[in-house]
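Next up: the structures, one after another.
Each of the next two complexes has chain A plus one other chain: chain B in the first, chain C in the second.
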Partner chain A sequence: MGLDRRSFLSLVAGGVVGSLATPVVWKTLDDVSIWSQNWPWIPRLKYGEETLLPSLCKLGTDAYGVQVKLVAGHPVAAYGNPEHPLSRGGICPLGAASVQLLYSPSRVRSPKKRVGDSFEDISWEEAEALLTEQLKAAGKDVALVSGDDTGSAAEVLAGLVAALGSEQTYFMPSEGAAAAAALGLLGGDGLVGYDLEGADYVLLLGADALGAWGTTLRNAKAFADGRERAVRVVYVGPAMTATAAVADAWIPCTPGTEGVVAMGLANMILERRALSNVAGLEQFRKQAAGFSPDVVATRSGVAPETLLGLAKELLVAGKPLVVPGTTAAQGLAVSDAAAALAVNVLLDRINMPGGVMVLPWGPKVVAAAPDKKAMMGRDVVGYLAAVAAGNAPAPKVLLVHAANPAYALPDLKTIQTALDKAGFVVSFSSFMDETAAQADLILPDSLTYERYDDAYTPYGSGQANYTMAAPILKQPLFATKAAADVALGVAAKAGVDLGFASFEEVLKAKAEALGLDFEAAATGTVWLGTEFAVQQLDLAKVQAPALQESATDVTLVPVANLKIGSPKVATPPFGTNVISPRELQGKDMVVAMNAATASKLGVRAGDAVTLSGAGGECRARVRIFEGVVDGAVMAPLGLGHTAWDAFSRGKGANVFQILGTQTDVAGFTRFATAPVGVRKA
Partner chain B sequence: MANSKSSVVLPFLVGVVASLVLGWWAFPKVLYSQKTQPIRFDHVVHVEDQAMTCDQCHTFRENGSFAGLPTTQSCADCHSDVQGEDPEEERFVTEYVQQGKEVEWLVYQYQPDNVYFSHIAHKDIECTKCHLDVANMKNPPVYYENRISGYSKNTMKMWECERCHAQNGASNACFVCHK
Partner chain C sequence: MQHMEFKVKWGMVIDLDKCTGCGACSIACRAENNIPPMQDASNKLRTTDWMNIYELSNGKKFPDLEIAYLPRPCMQCGNPSCSTVCPVVATTKDEEGGIVSQVYPRCIGCRYCMAACPYHARYFNWFDPIWPEGMEKTLTPYVSARPRGVVEKCTFCHHRFNAAKEQARANGADPLDLPEDAYIPACAEACPTGAIVFGNLKNPEHRVAKLAASKYAFRLLARLGTDPQVYYYSKRDWVRQLGDNYLQKELKGGEHV
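Up next, the complex of A and B:
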């Protein structure tokens, strides 16, 4: 019997019918549908034991404790640390993105040296040898710019630079430095802190306490607690910031005149309260007398009756506190800080519960390092401007640590000139930031979760505190090293003895100096200081803020916002989801002004404008917002990166480009606000 | 006519039978690759000889999440050195414990990432309702891996979850399992 065509077709038909009663078709379809969901690029969850380890977040201008959640040893999220006094369970937008930033595409994954216009990956041995060679050749012509003014890593690096014979060690600008300088101006000595928890009346003179100023998370907790205690919070400033929006009262003032308001208040207090035991009172009284209510009203826009109301509230409050600051969280005038401090002195609020607390500088363990007080007292903007102008020798080697001066300093064109003049720029950046992108050598620092780190008393703290963080990861994710360990290694190679073989040893010494058990500190125990140095402040030394009218019609008010970034870190991927059209539209930064200012400038909502300042020009779009005073243009800081990654690069403009500077007292530079020109683009 | 009928029916039946045989017998053999566990773990010696209970190794963590398989470190609590004469135990100690390596156990019931399964919510149900009865096995069962989907043959399908939920009055809403 042969298989004819009919039999074959029947066989096939039978096969098909039979197969329908088997799993072949159905199972294959099902499996193919599952296979189609299993692309190799889809991230896979890690399963395993979940642990919470304490660490630090120093990505913003603050430093506070966090808890990092690990699953099977892999960090997956960071939370606020309820046990840490500066977090109390809160976390800032950068802290929330801190684990994500470990894997940021802009991380520098190995040491790099410049070859022409690009970089070449090199080994750590080669990188350290190159730095050693450059330092030996430079002799004492070495400088350091660090953005870590709470950590011991800067102490190690500054120790190296000082041991080489240089005094050119600087921190990036901070309000803490300006406040300490103001205290020093009055004859005091120490870090300036504020007992926000103890005060029953808080007058914020520009300090955007719930934005990016000081111990931001702790400020918010103190503010929330204060609600239950009926603490009154009054904000004085040129724009309705995050703080002004929720304060009990917002008193608008002309940009940059918070110090004038402080002097006006001092004048009123002196008229209403008899004081005798204040040093330099009579000289100060003469200074304050120049700030009559009418003068203050003319200069600041704060009406005499409003000023009088504030003065009365301060006088009747049991524990009033006056806090100076800026919306930019940097660039504060020392004279403004001194004026606010003087008001606190008149109210007898120095080292009193709920007052201004003068905190010790903290122990120094690297003998060669300059005192922190000396380092904080130097003005990096002034130094780099002098280098740019040829008034100071350009360093042959410039070490840049935890800082991005090519992006985050005012009058950026001048800063850029200074950086160009530096012989050999070494960046310790963990990320390919603007400074790293133009450096001659990049020695990528491990991030806090990958190494030891510490923080002593971030600016604003009500009492001295010290937090240490041990590495959470067994190994750094990439070929990175702790900058302090690199500095110690290079020092040894250069024949400089800094007294320590590793950063861990430095931190052990620091813990010992504070009387803190190292193991306890490394596992999250926070040291809290209870000593407040007695101060003999002399108000005769106050250098009152200038009273002359601004030469410009329009003033730029930069506002720092941690969801956009900080001077150290650009917008993380998480941040892109929360930047609103009020800050960024397409590729354009959005600046806010009120309708009267817009009308005066001849612009409307949505118009593209060019902002021009001392440093140059940038593009923006106009938003009309009545929460900005007449003659002010509010602009977000943190946009306009040219390096980093796709999440931040090319979005908006860098306000630092146009932000001009003013020379202030005590050798500091003021740049919290600056004149700006606005014209249609 | 009879000839004509037989030339249609018989091949049809042959086709049906052949495809049934191929579909039910040969197809699974082609579809699944067979794998064995990296270590021949003997549950019986632990459960019967050492009188251990399931939850001594398959524990819940403090937060209620299920630890699943024990880590090498957990096993090393007893097996820091070789205890018996089983060569597999010796291999485990030398190749994993002493080298600090985790065993890449093949998990018969591994669910995809988009399924959130809480063991503690199902703790009153017999383990063997879903899992193979490995506690009574001296040798681990063969692991059948689907060549197309990559999942274990024993991975529970969604309809099985839904059926049990329906039978027990538990919600079958999407978010119960897909977070």
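Up next, the complex of A and C:
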């Protein structure tokens, strides 16, 4: 039989209709769409039991509680910890990216020894033997620079250095140290804190409280709660920072004149309020009288009527609080901090609800270690400058812990000279940072999630607090070790008895000293102190900020920004996307100035410029932004890394390179702002 | 297209007077939803940020300048422009809760939805998702990794909605009447100042419903008729006025749709 045309067409049509009626075609299409997206190089998800464990984030200058989500034992994400008083559920950009940092390409995955221009992986036995041998040979010519001013790890390391006979133990610069020094200047003793939750009027003299200053997350929560209670927040500073953007008012001032504004306010308050019971009042009155409204206006650019408005607001507020600080969250002048403290004294705000709280230093358990007060009172910038200049002996062994001095200190050229002079540089960095990259020995510290860690009262806290974190991972991911455990092991080998066999024991002793149950602390119970040391402050000892005009036309205002990084860590892999074109364009750092400043300097938006400062030069692009005072150039801190990994290396410039320093009272160095030259590149 | 009404409408109110532009929401979102990291993220035409943060300014000269930061998730529009143009039904708004879905395996990467979305909330995967070696172990089990050639967007952390519903069922409660905070996306959870408030816009007890009803609340480009489920809040007139295209003569009281 033949197949005629009609039956052929019927067959085809019937086939088409029939096949559409079956699910085969649709199923096949569905499979194709799924499998064409299902390549072997696309990672698969892993499922399993989910748990939440409490830990700490110490990547910024802050230290606060987080919760880490684990799936089948693997950490996958960090969240804020609603139970922690310094987090209250919030998380900072670095904390949010912290779990992924465990696998950062720049992690140092085993101990390394320098061989010529490169490193050689070595075993922990060899590494510890090498350090022991170097320490024995160095005698007491050993120094320590630590960036961990809240943890007990620094206490152990400082204990080792002190037991070897050296007093050269330093913290990286912090505003906490400057504020404590200011308190000491006035005859007080303790850590300086601010009861932001209790205040009903907050005057921030430079402190970028919602940016990167102090207990940033807690500040944010206090600010949000304060909004509900109509707490007025006023920001005085040279640039429109994160805080200024949401504050009730931004009062622009010339960079570095926040202390002058404080003295001006003190003068006005003294004229308007009869005070007694304040020690040294008459001498202080004479000092403050030099800061008349006109003088303050000339120097700071804050008009007399604006200053008067602020003074009146302070005087009528029930619980006003004045907070000193800087946009860089470091490099604060002790004299500026003292001036702000004096205003708080005049307003009777010391150890009062909503005022400045003086908090105890906290217990020391490693007997050999220097007191934290002594260590915080020493200035690392001054020390390294003296080493560079040959005015202080260069250490034969320099231990660097939780710090990156080769990147994050001002006048970097001088710092570099000092590091070059140090005989044997040991970095405990978890990451291949700039300091590790030029160290002689790297003993990689485990990250907080892989070991024990703790934090006592980070700067700004309104009451003393202590948080401990037990390791979340049973084993470190790589061949890393807790720096404190390494120090204890090396101490034993060098014949030094620090009194403890492990860091865990140190923390047990610390918990005991605070009257805290170790098991409870290790599972997230936070200790809160309720004692505030009575202070006898003497205002006669205030050393008022200098009044003379700065000789420079243009001032650099570095702004710390946690989304770009911190003095401890470079931009994490998960942080690159939130860096905006307002901070980085291509490979160029973006600096902001207002149109008037730009036209004075003869530059336009988008121009490539060279910035020159005391420390050297760097390249940037100009952004016209009216949120900067006349004569100021705002620049983001945290760019321009030369080590680390592709997520941060070679992006923008390191502002620390050009940042100059000024000597300050109480042996400190001020570097929050510095003169800068701007010319077209 | 037919407008579907839901008993539950998940929504957000973002207080622009509290946002400091810190970026924590965006990073928390990235970690939660398995968006791969980018070594070079300076070309913003090639980046993927479900939660993107813009800077607004009142345009005035120093010292009168004011700025505000505007975090922008997917608006989960009541009348989505994206789903109407999708040729393969890869994005729909048909589930109770009012979240606009995105079905990755169906997406053919034509990008009509991106062109249609007036909020630039949609992102195309220009590259295969690559994590630095070992970092893929930190992928959450909630959102599969999307290959090159697929469009993606914020889903209000839909997996958290599912988890909250499961929990409610397990507790014998009504999964469509979740208590406030039983379900909140990663961004709202992370926000340090609590600027992002999340909840059911149809439940008058939820904070979002109260805030959205405020005279200071507004929605982006509301006049287009997209009916977004994301509201913004600001007491500053100039911020609200930037929320839509207004004629000069309209710009007086800061009254908004």
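One rule holds in what follows: the second predicted complex is superposed on the first by the 640 of 681 C-alpha atoms of A that agree within 3 Å, B and C clash if a C-alpha of one lies under 4 Å from a C-alpha of the other, contacts with A are read in each partner's own complex, and residues count from 1 in each chain.
The rule we apply is simple: a contact is a pair of C-beta atoms (placed from the backbone, for glycine too) under 8 Å apart; a residue touches a chain by one contact, two chains touch by 3 or more.
From a predicted model like this one, the values you see are computed outputs, not experimental measurements.
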Q. For A:D4, is the partner it touches chain B (first), chain C (second), both, or none of the two (neither)?
A. first
Q: Using the touch criterion from the header, give the chain among chain B and chain C with more contacted residues in chain A.
A: C
Q.
I'd like to know which partner A:A367 touches here: chain B for first, chain C for second, both or neither.
A. neither
Q. Thinking of the overlay built on chain A, is A:L528 touched by chain B (first), by chain C (second), by both, or by neither?
A. neither
Q: In the overlay, answer first, second, both or neither for which of chain B and chain C A:T28 touches.
A: first
Q.
For A:A389 in the superposed arrangement: first (chain B), second (chain C), both or neither?
A. neither
(Q) Quick one: is A:S19 in contact with chain B, with chain C, with both, or with neither? Answer first, second, both or neither. (A) first
Q) For A:L45, is the partner it touches chain B (first), chain C (second), both, or none of the two (neither)? A) both
Q | chain B and chain C contact sites that coincide on chain A, given as residue numbers | A | 34, 37-38, 45, 47, 50
Q | For the chain A and chain C complex, residues of the former touching the latter | A | 30, 33-34, 37-39, 41-43, 45-48, 50, 69, 71, 74-80, 89-93, 95-97, 99-100, 102-105, 210-211, 216-217, 220-221, 223-224, 227, 240, 242-243, 245-246, 250, 252, 477, 562-563, 573-582, 584-587, 594-596, 625-630, 645-647, 651
Q. Tell me, which parts of chain A touch chain B in their complex?
A. 1, 3-4, 6-8, 10-19, 21-24, 27-28, 31-32, 34-35, 37-38, 44-45, 47, 49-50
Q: State the interface residues of chain C toward chain A in the complex, per the touch definition above.
A: 17-24, 26-28, 30-32, 34, 37-42, 44, 47-49, 53, 55, 57, 60-69, 104-106, 108, 128-142, 144-147, 149-150, 186, 189-195
Q | In the complex, chain B residues that touch chain A | A | 4, 7-20, 22-24, 27-28, 31, 61, 63, 65, 67-68, 71, 112-113, 146, 148-151
